[in-house]
Amino acid sequence: MTDSNPAHSAVQKPFRRLLLTGAAGNLGQQLRGALAAWADVVRVTDIAPLGEVAAHEEASIVDLADEAAVLALLEGVDAVIHLGGISVEAPFEDLLEANIRGLYNLYSAAQKQGVKRIVYASSNHAVGFHPVTEVVDIDAPLRPDTLYGVTKCFGESLSRYYFDRFGLETVCLRIGSSFEQPKNPRMLVTFLSYRDFIELVRCSLFTNRVGHAIVYGVSDNRTKWVDNTKAAFLGFRPQDSSVEFEHLFPVSAPTADLDDPTQRFQGGAFILAGPMEPKR
Amino acid sequence: MTDSNPAHSAVQKPFRRLLLTGAAGNLGQQLRGALAAWADVVRVTDIAPLGEVAAHEEASIVDLADEAAVLALLEGVDAVIHLGGISVEAPFEDLLEANIRGLYNLYSAAQKQGVKRIVYASSNHAVGFHPVTEVVDIDAPLRPDTLYGVTKCFGESLSRYYFDRFGLETVCLRIGSSFEQPKNPRMLVTFLSYRDFIELVRCSLFTNRVGHAIVYGVSDNRTKWVDNTKAAFLGFRPQDSSVEFEHLFPVSAPTADLDDPTQRFQGGAFILAGPMEPKR
Amino acid sequence: MTDSNPAHSAVQKPFRRLLLTGAAGNLGQQLRGALAAWADVVRVTDIAPLGEVAAHEEASIVDLADEAAVLALLEGVDAVIHLGGISVEAPFEDLLEANIRGLYNLYSAAQKQGVKRIVYASSNHAVGFHPVTEVVDIDAPLRPDTLYGVTKCFGESLSRYYFDRFGLETVCLRIGSSFEQPKNPRMLVTFLSYRDFIELVRCSLFTNRVGHAIVYGVSDNRTKWVDNTKAAFLGFRPQDSSVEFEHLFPVSAPTADLDDPTQRFQGGAFILAGPMEPKR
Amino acid sequence: MTDSNPAHSAVQKPFRRLLLTGAAGNLGQQLRGALAAWADVVRVTDIAPLGEVAAHEEASIVDLADEAAVLALLEGVDAVIHLGGISVEAPFEDLLEANIRGLYNLYSAAQKQGVKRIVYASSNHAVGFHPVTEVVDIDAPLRPDTLYGVTKCFGESLSRYYFDRFGLETVCLRIGSSFEQPKNPRMLVTFLSYRDFIELVRCSLFTNRVGHAIVYGVSDNRTKWVDNTKAAFLGFRPQDSSVEFEHLFPVSAPTADLDDPTQRFQGGAFILAGPMEPKR
Amino acid sequence: MTDSNPAHSAVQKPFRRLLLTGAAGNLGQQLRGALAAWADVVRVTDIAPLGEVAAHEEASIVDLADEAAVLALLEGVDAVIHLGGISVEAPFEDLLEANIRGLYNLYSAAQKQGVKRIVYASSNHAVGFHPVTEVVDIDAPLRPDTLYGVTKCFGESLSRYYFDRFGLETVCLRIGSSFEQPKNPRMLVTFLSYRDFIELVRCSLFTNRVGHAIVYGVSDNRTKWVDNTKAAFLGFRPQDSSVEFEHLFPVSAPTADLDDPTQRFQGGAFILAGPMEPKR
Amino acid sequence: MTDSNPAHSAVQKPFRRLLLTGAAGNLGQQLRGALAAWADVVRVTDIAPLGEVAAHEEASIVDLADEAAVLALLEGVDAVIHLGGISVEAPFEDLLEANIRGLYNLYSAAQKQGVKRIVYASSNHAVGFHPVTEVVDIDAPLRPDTLYGVTKCFGESLSRYYFDRFGLETVCLRIGSSFEQPKNPRMLVTFLSYRDFIELVRCSLFTNRVGHAIVYGVSDNRTKWVDNTKAAFLGFRPQDSSVEFEHLFPVSAPTADLDDPTQRFQGGAFILAGPMEPKR
């Protein structure tokens, strides 16, 4: 079988060097394969072990809260896919280091090193306190549902500043639930297949100009809480849907308790997850 | 042939008891079959004869203007699909009894009996005085095209009140033209297939939380006057289209008379239907 | 003292005959004096005694639910100021007669008699379930806070229909709290002085063309929950303010109970007033 | 093979006489075949040679700047497809004659001759100064990217006036790039296939009432800069996409120069095309 | 009496040279006095005699349709107040020369001569086909009520292009009715006092950065059809009102004919003024 | 002179204990006098010396980054006016401690101690990258102009979370330039007099319910970049204006350099202030 994907040309790859943070995580692992076709060199980093390193990969273990290490990490990088940091509710102290200080270090270093673009894993938890009876578009007011969500709002503001001030472009991916398959009924709405996730990153990297963009990362599920109409310039067209997984969750009458916040708001169980006390 | 619809599980049906009003009418008859899979007991009611009553059905002839009868009718009901009342222009006195007093009786009884949700057959005639050169979404201003349409506006306001005041949820279905097939060129735009109608009711009943929702009931026809983007949380995705019926209506140049209100407004011939004098 | 108001010309008054319903009520009494300058004849009506009848007045006791009587009442009328009907929460049966059947009778008769315009006393209780932390404009979604509010929504829809269908113009006045002075802290926000009320009616009658208009009836109070920007074509500029009455209500810290619906919503105590059981 | 298109009935065609201007141009030639099925007579005109004239065609060479000739040209015409004039940047003097004076002559003559509708080839260059990181709908502010684009804004205003004043309907087609295939990466976004172009004209001619409508002429390409939601009453559903041509343009990293106006704005290279000096 | 206006400092005037076109017209004459304080030299031009020329003035008779003359006229000019051209409905041929060709000549010359800003006399007739029952803001769709209005839309598009393309700033003044006093009841709404007109020009010239701005030129009249909220960055605060002239127009009941277009639309009698036949 | 302010009643003050942070700063000092009338006890805190302490004041020197100290500081407090933290651009490390960690400590402690409301000094620098040719309302997208501005966005998100999650109310004051008088021409637009500042805090404390509100803190200056219409429920009506200070800045023609970011954007000189390198 021949490879008809034009990105796979052996002669010349579009990017010289991409940086992938959070490369040891769930989504990072999904992405490493795709990145091989897009860049001559893929620098992969995490605070966790990175597993087998491919020929085209440069691996390094870096704590994003380490300013000097991050500055070195960004050297020679064309663009970044930033999946690093904490992606669930956690004690504020931990979020502060990973998602606030770490993100500042990343942007500060990227600007100093002349990086052109960052694809930033934001989250639908930045708007999780919108009710499930609304459809939010990319201009909807921020309504974080956790301290974690608050740090994602911080990332969207910080990256906006770096674009307005320095022209460093960012696509904020408000990723829903990207797993092998939905794990509960709520994820039928928020599901993002791995294939669609990779396509979303591809659009975010290759669209010629993105400015500071926000886009929801969901597959073409039957029920929608989000609307990407205003982000159509990114060309993201999901190919998958959670419809094929609907049989996993037995049909039932609606839950009776209208006041249950985990049922009322898009954030689901996250609504009650925080704030968490620090681990001491 | 096996039934792969998860709602058809024989073991346990999602609802214990559903009430269907207007069960003898055109759409009521379409729905009775589907309801069998969704509830252990389906209470069917109308002022007209209900035909053959299935094993899982409870049939009763009730005039919705009869307050006490309606209170009894709602006892033990989980959710209501309200297709009852008058669905065309009629003398105000008749509309007052069926669509205003009758609807109040229904909501008052539902609240007293602890019913959780009502799926309410509103109509696109609540907004029929919008021109055919506009696309109206679910927040468009009310523009009833008949006294009948005015009573549908009343129903949307009354149900909004019962939700805000008591948490009794309602989905208002602004149904277009739901028949076997379109009967005139206008219905190519407003057509709702029976299959899509049943799917719309399914979404309205099973979406976990709907609050007070409004949604247009139209199939995926080529031409659209309405936009359900903001109702995407209901998960309604029509599967049919009037395209297959376009051959029924010979292609012609546009009508010359731009001032003909039945051509200018979405309500079509309804525009001139009222007010009707009472039958005496 | 000379009368510099141009409307007071003795030679020729602008209207031949105006009809004032609810003429025996609080606001009706305020208005009777002003109407003398605007019309040769003022027909005043109510179901309660109308007091002393001036030379230019025609008085009649009419129940608006009496279709034939209302048809006669509208004969020879240029324009109507409709303050009649029930203006507080009441059993649905009573509201049905006065505010629904009665209003239909009024519009039906007005259209048959060739009346040009109706100034309709709607109410801020048509939108009373909006929170006090929002400012609603005249396109805000209807959110009635009582069955009374639902009937005011009905009136706004019915009058819209009569305008779209027959060109019978209406100004819907969403009147706040029009009394001698505010009676509680909420009324500092909703206060409409008698002078501003009369001015609002004047604008509604004399603006050359109003179509179907909606306007909030509030004075220029310090705190605002409503925004009349889109109704500026009516020329209503309140001259009074509740500021002079602020001393009546001792300053206090905000109430502690954020969940108290009478504090959360613009409708105030009306929120809990309904539905009322019928008096039997 | 039988022709199942109902428009192809030999007995009676929907229009008696259509006028096609710019009939010798690229899109005009595409359209001449389709028009045969829609009208008994197709009057074709251009300032360039019109090639072979079919039996149902009336051909004439007319300069639109010639007022008297245009008046004669419009005689007996039901509707016009106006593709004439200049469709690229040009010296203002030339644009003035062809796109301003010529267009006025066309509308003035059409109104005098009782023409019912004009399908007007506007252009996405009327909004070409919107950035490529925005999705513009049909209400977006005008942002012409050339003097040519300014003349297209003129055409949209002039046709609006003729509709508001005389009821002469117009559909303004903001055509993107309609060629055999995209010629550069930007055209992957703006591509309109010939088949979709013809369908767009069909919708514009046959929709019963269009008022003064604006619609973007693009196929269902992956990336979108425009949104036709509010024009859905026209029933235009593109069937083609530029996806099949993506392989023509090798994938590359985004261009580095964020300030390059031809990359920043939707108009692309047109941004720098004008103003052109007159040819002397 | 001392002059406390800081603009009147004799030492140094803010502008070196301003150009005033249409200087012989009604508003031009009003402005000439004020300009003395704002610029060392005021170049005044018209096709009509300019009357007495002050010491600080440079007068020249120039036809704006004369490209070369206009290029010379703009030499050494800091900013332009463009009141020239035709300001009422006229035959298209005349409008084409004065308001289209003339305006292009002005902008083309201004760009070549390095002029920084133009204050352009647009008109409320660019939006005169909006109904009198709406309040239009500066983003309202263009609805010209005359061919004259169409040329004002052209001017707004052309100036937008010159700003987007070259950074040449423009403030489009949608002037209402600027006379000594209102001449008819409609002008009570559209009145702009001479003092407020001068203040509007002052704001347009001295606001540090205006980009491409649109603002309605009306005094603080009781009734408003327009809303300048989004233009508040210009700092225009009218000090006058037509209230003092209301006594000139006897109060009357609304006109009976709702269909009279001169009463329905903001453009008033202009609605029926065009198109005019050329004078031959 | 008698004190007619109803808040000054000696008998009973509305609040038992208010906390003022940043009490040693410019605005803190302005506010201390006013607070005496509003609370029995005013707890004042800062990291700088607090000067003379009044009888009704409790003074303490607390670093907001000290979690335990902040928890103690909030004990027994009804409401907080939070002026503490850094109010200009600073190295990120400093902002992180004062405006991010410090703010989290404040909200975390307030929630644990049962505080009802926080009046939070946000800043117009949260939206400073909007151009000076736009008027932004309280829903405008965040556009921070400095890292300082980014921390203010963080504060707005964090406080939104605490309101949605726990009902802890916040009013975010986007304060402009609050000094004795404007110090440069830009401050003529952003000026907030001390008197209006105090009134804004008064409205924020005493409005019965505020939810999570955002309001711009500017006086009634001639030129406006911001629009508080949607915050009118707070009742803030500025009494002062920068007009009286306009004479301080000599009138001049607009600056020539349109690309100067300190002239293009509302943030003014802040635009170029960051990011600052840490002081080492």
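Residue numbering begins at 1 within each chain, and the chains themselves are lettered A, B, C, D, E and F in the order written.
We take it that a contact is a pair of C-beta atoms (placed from the backbone, for glycine too) under 8 Å apart; a residue touches a chain by one contact, two chains touch by 3 or more.
In UniProt terms the chains read A, B, C, D, E, F = Uronate dehydrogenase.
Every value quoted in this text rests on a predicted model; they were computed, and no experiment measured them.
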item	value
Those chains which touch chain E and also touch chain A	D, F
Chain B-chain E separation of Cα centroids, rounded to whole Å	54
Centre distance in Å when chain A and chain B are each reduced to the mean of their C-alpha atoms	41
Centre-of-Cα separation between chain E and chain D, whole angstrom	33
Residues within chain F bordering two or more other chains	229
Chain contact graph, described as a line, ring, star, complete graph or other shape	other
Pairs of chains in contact (touch as defined earlier), listed by label	A-B, A-D, A-F, B-C, B-D, C-E, C-F, D-E, E-F
Interface residues, chain A side, partner chain D - complex	4, 6-7, 9, 14-15, 78-79, 116-117, 167, 169, 205-211, 213, 229-235, 237
Footprint of chain A on chain F - complex, ascending	92, 96, 100-101, 104, 108, 129, 139, 141-147, 149-150, 153-154, 156-158, 160-161, 164-165, 271, 274-275
Partner chain B, residues of chain A touching it in the complex	131-135, 185, 222-225, 227, 229, 246-247, 250-256, 258, 263-264
